Amino acid sequence: MISVAAPSSAKRLAPALADAIAQCMREDSRVVVWGEDVTIGVMGPTRGLAEEFGLERVIDCPISEAGFVGAAVGAAIGGLRPVVDIMFSSFTYVAFDQIANQAGRLRYMTGGQVAVPLVVVGSAGAAGSNAAQHSEVPTALFLNAGGVRVVFPSTPHQAFWLMRAAIRSDDPVIVLHHPALAAARGTVDPEPLALGDAVVHPIGTDVSLLATGLMAHRARSVAESLASEGVSVEVVDVCSLNPMPWKAILTSVEKTGRAVVVDEGRLTCSVASEISAGIAERAFGALAAPVRRLAVPDVPIPFAPNLEAAVLPSEEDIAAAAREVVRG
Amino acid sequence: MISVAAPSSAKRLAPALADAIAQCMREDSRVVVWGEDVTIGVMGPTRGLAEEFGLERVIDCPISEAGFVGAAVGAAIGGLRPVVDIMFSSFTYVAFDQIANQAGRLRYMTGGQVAVPLVVVGSAGAAGSNAAQHSEVPTALFLNAGGVRVVFPSTPHQAFWLMRAAIRSDDPVIVLHHPALAAARGTVDPEPLALGDAVVHPIGTDVSLLATGLMAHRARSVAESLASEGVSVEVVDVCSLNPMPWKAILTSVEKTGRAVVVDEGRLTCSVASEISAGIAERAFGALAAPVRRLAVPDVPIPFAPNLEAAVLPSEEDIAAAAREVVRG
Amino acid sequence: MMLRIRLFEETLADLYKRGALVGVVHLSIGQEATAVGVCSSLRAGDQITSTHRGHHHMLARGLDPRRMFAEILGRAGGYCGGKGGSMHVSSVAEGAVGANGIVGGGIPHAVGLAFAARRLGTGSVAVSFFGDGAANQGVLFESLNLAVVWQVPALFVCENNGYTEFTPTHAVTAGESIAVRAAAFGLPAGAVDGDDVVAVARAAGEAVERARDGRGPSFLECRTHRWRGHHEGEESYAKPYRQAVDPEDPIERLEQAMRGAGLDPVELRTSIEAEERALIAEALAGAQAEPLPPVERAFEDVFA
Amino acid sequence: MMLRIRLFEETLADLYKRGALVGVVHLSIGQEATAVGVCSSLRAGDQITSTHRGHHHMLARGLDPRRMFAEILGRAGGYCGGKGGSMHVSSVAEGAVGANGIVGGGIPHAVGLAFAARRLGTGSVAVSFFGDGAANQGVLFESLNLAVVWQVPALFVCENNGYTEFTPTHAVTAGESIAVRAAAFGLPAGAVDGDDVVAVARAAGEAVERARDGRGPSFLECRTHRWRGHHEGEESYAKPYRQAVDPEDPIERLEQAMRGAGLDPVELRTSIEAEERALIAEALAGAQAEPLPPVERAFEDVFA
């Protein structure tokens, strides 16, 4: 779908998510929204929807994540397209069976009899001392559990198009958004993004930085600062994680021969590990240096601001790793 | 603890787990066991315990995984050492918050005030058409969630010593056992194993096969068959996954220069991915070929025997991959 | 229909004994009346969710015994192409979105199916079957609360056979009864003799009508008996654990009722039994003649 | 003690307004009586589990305001070394295993703590505080069932302030009352005026005694009021959502009671208030003087 006019006037990330949901709700009466306090839209993605679409389609839920995610699975099988705001994505742990073992398995177990067009949207990442149970990035859990698509937009443009693609998809899709990026600025351009896309920008020749969410922002600003040092950095924003945009990743790494994967999830069995292993398998010959992983060490996110900062990959960490793989 | 006599007369894997629990219960009255039908010991690890220790210490639970795993977290903080049999490890999804967000975070969130000496034991793997919800290997989910130790013994010797180590540990430990190996034969030798150990056998020089559980058995028999082809295979049984035995893994790979990681979990963000990425980072120079990953593709486990067999890494797959990395 | 279920399950028991089945098989012999009684008031478009022990629900819902056998035998012609098996038989087109291997896992699905039916104005209802053991899964209570708050056309049917696998459910279940627990969530909740197909049909019929009329969800506890073990082959490790029950036979109960009504069940039964035996035998033969699923199928159907 | 809580929380509200706090802060102003009433019958060795809104529980349990401020400010001297923060304040040594950021997450812990106390013969009890919103989490019902089946010395205290974040709880909660839900699980369950510290203390006292005597768990619903928003700073996005409540002041209620008993609270209050103000001011000053936690601490305490 190409158009000249901007598809959304949203100028910030969270409103772009809300606008994508609103447009889908206008186009398709099967789209309904539920979750805790979605009428107020505490978390952003559902703000303003209740006013336009009413309480029949925007429904505040009790604190029963397993129950209302499970109900959304049933509603999706029953012909609706539910968008569930789970608030913080770590609350999916309370509903993990419904996501992994139900939404992610039913189509297969029934031999393709059912589709589960369900969207679960939740915040992921550390944003100022929300501590261990409200700050983590569980992307890798969803990728390993399987059966669900996963996207993690880092700009309003990505947010609008990927949320739209998620709602229009016939598969369950987890949409993650970073609380520190809720107000991130940017315009929504007419070129759509689809599940499985990556955004390569800036273009560079010396090293590929592969990152998502807040880490993609840090990677882009590192690209700028390293340019002044004469290091040409390419950033691949892996805004879709399932499907994983291998083509974009491998094209970049085969060009630069060097890769640093930056991940706000925990290191072990992380997205960074997956991308590193996949590159090693598919582009070993092109590698001039081992793929470097930067991620949260295997610790929960601490509360104190100075400790929180210490466990997240910083721009300094990213720049240092990039220099290292380039200069050896 | 070294002794000349065999510490356990168990000759099969599941009884070795049960014997380890029994010995710990004799030594330490704080050790209690609960879960569904643990008095009958449906799954094996608790069989016979009720008869010796009575219903005060071996407790049948209602189908309330979140409740009784959470209760075990509380009991562990309160001074007991609960061993919870969750039956099939995929049932942990129903209790995932209690494992990941509670058992795995409380020590950290409280600044070290509490220890959570909890063991959760469950079967992992496909064993003859138990289908999608009773056959998977969720190891990577626990490794990425963090805060919990994970072991996955493949022999009676490993089963006895690692279960013993798990119960004596002050950390939460997930003990996985493969349903197809419940009756696997072997003797329990006096040399103990600790959390973080790997078992390297057979020794070889051409290629390292890194595997766990049923896949470790397949790797060992591939080692035998390839020997007849003149390929010298070393098998590293990664029976402890957290702590990950990096030293044993790297020592082997630096010697052979070639590695195939065989994993019964799903490929994406798998243990295989983690080991591959870790080797690439730490032993890149020693690699004569890219690390190969063999795992279940990103599909649930199907019911039909021929389909189930098709999604699991077979001895043929393993042998082929080993030949490939050796002969290039 | 109860006879068909009985014969279908006896056939599986026999196949299991002869080593002709793979996986774990949970039979419903003794529980026929709950499935038949409840499904008797359902129509096309209605959906049921079921459990690991769900063959009777599926047959009562009208599924084809041949395709069910084929699924349980892991053949290409099975309802799920052999990818689901005994615990996951389903036929969405026939109003059975399916069985679930996770106890309680299917209960919230019924709430969502009922919500969708109401929103789409189909006039359909959703029924969730689950056991007494499932009455200790928190998600049941979350589902009851949602169903009542949303006033969706759903019926929750607890098949209380007294056992949670090998544990007598009363030993791990507090409170007066499961129905009483449900009632505390503000929906009509009653208990009925689950071996009396007429009583079950009457109670379920009222509840389904209530749901269709937009008068909200209901809960029905059916007290029944499990004749066989938790699953076939359990003797291998389960010591005798059952209290002496003297299980009632729902089929005989129906025949008594007929006699009470001055009808002679014998003739009817013999004729029906002959028919059903033939039907089941043919279904099994047809299923056994089915090919295995092609291997490529293992890698399909993860995503749309 | 109610005054101390009030002043502690007002101090935090003020700090928040001045931008001196990080993270999300949920205050307990208006709910002092439940915490104080319940904790008044606890002794050393007993343990409480708490929630995201737990400062009042911790203070009522006797924790040190200075170390609490330090934790909430993310300082080295905080109870959790600054790694927990407002939602995770805890002091195991003082009988508060701690607050939980996951609604309902701490409830089963109390069952296990009580089980351990009984098995180890300590004579201690475990109390779990949670809100009315948590009464829709399935794990609550699983925990009630376990506690009754196991007959452990536990007390479940539901602080019903009428709100689940910004949603009036009655709008998402079916059934007559939360206490009625609990009663269906077969334990003594009652509701009490949660703003009347004397009534709460009496009811909780009986329940704690019952637990200590080995007569099993109890459930207590305390009906109270939340004076402030769900958390500080919510005005930024939460449109006015509160029905006009005319919240009762537990402190004034106590003073009325004293008057009723012929005592003059004024003098007492002025003296206590002066003391407490000094104590809180000193505690805050002490906390603010604390250093930040050393960065190495971020990488410790994952495993024993």
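As written, the chains take the letters A, B, C and D, and residue 1 is the first residue of each chain.
Heads up, the rule we're going with is that contacts are C-beta pairs under 8 Å (C-beta built on N, C-alpha and C of every residue); 3 or more make two chains touch, one makes a residue touch a chain.
Model, not experiment: these values are computed from the prediction.
Fewest steps needed to get from chain A to chain D, stepping only to touching chains, is 1. For chain A, the chain with the farthest CA centroid is C. One finds 44 Å separating the Cα centroids of chain C and chain D. The centroid of the Cα atoms in chain B and the matching centroid in chain D are 40 Å apart. Look at where the CA atoms of chain A average out and do the same for chain B: the two points lie 31 Å apart. Residue numbers of chain C whose C-beta contacts span two or more other chains: 80, 82-84, 88, 100, 102, 105, 136-139, 142, 145, 149, 171-173, 297, 302.
The set of chain A residues that touch two or more partner chains comprises 61-62, 64, 66-67, 93-94, 97, 101, 108-109, 131-133, 146-147, 298-300, 302.
The touch graph of the protein chains shown is complete.
Listed in rising order, the residues of chain D touching chain B in the complex are 47, 49, 78-84, 88, 90-93, 97-98, 100, 102, 105, 107-117, 119-120, 126, 138-139, 142-143, 145-146, 149-150, 297, 300-304.
Chain A makes touch with chain D in their complex at residues 36-37, 39-42, 47, 60-64, 66-67, 91, 93-94, 128-134, 297-300, 302-308, 310-311. Residue ranges of chain A in contact with chain B, taken from their complex: 66, 90, 93-94, 96-97, 100-101, 104-105, 108-109, 131-133, 138, 140-141, 143-147, 242, 244, 265-266, 268-274, 276-278, 280-281, 284, 289-293, 298-300, 302. Partner chain B is touched in their complex by these residues of chain C: 22-24, 74-75, 80, 82-85, 87-88, 100-105, 133-134, 136-138, 164-167, 171-173, 237-239, 241, 292-293, 295, 297-299, 302. Across the complex, chain A meets chain C through its residues 30, 32, 56, 59, 61-62, 64, 66-80, 82, 97-98, 101-102, 106-115, 117, 146-147, 149, 169-171.
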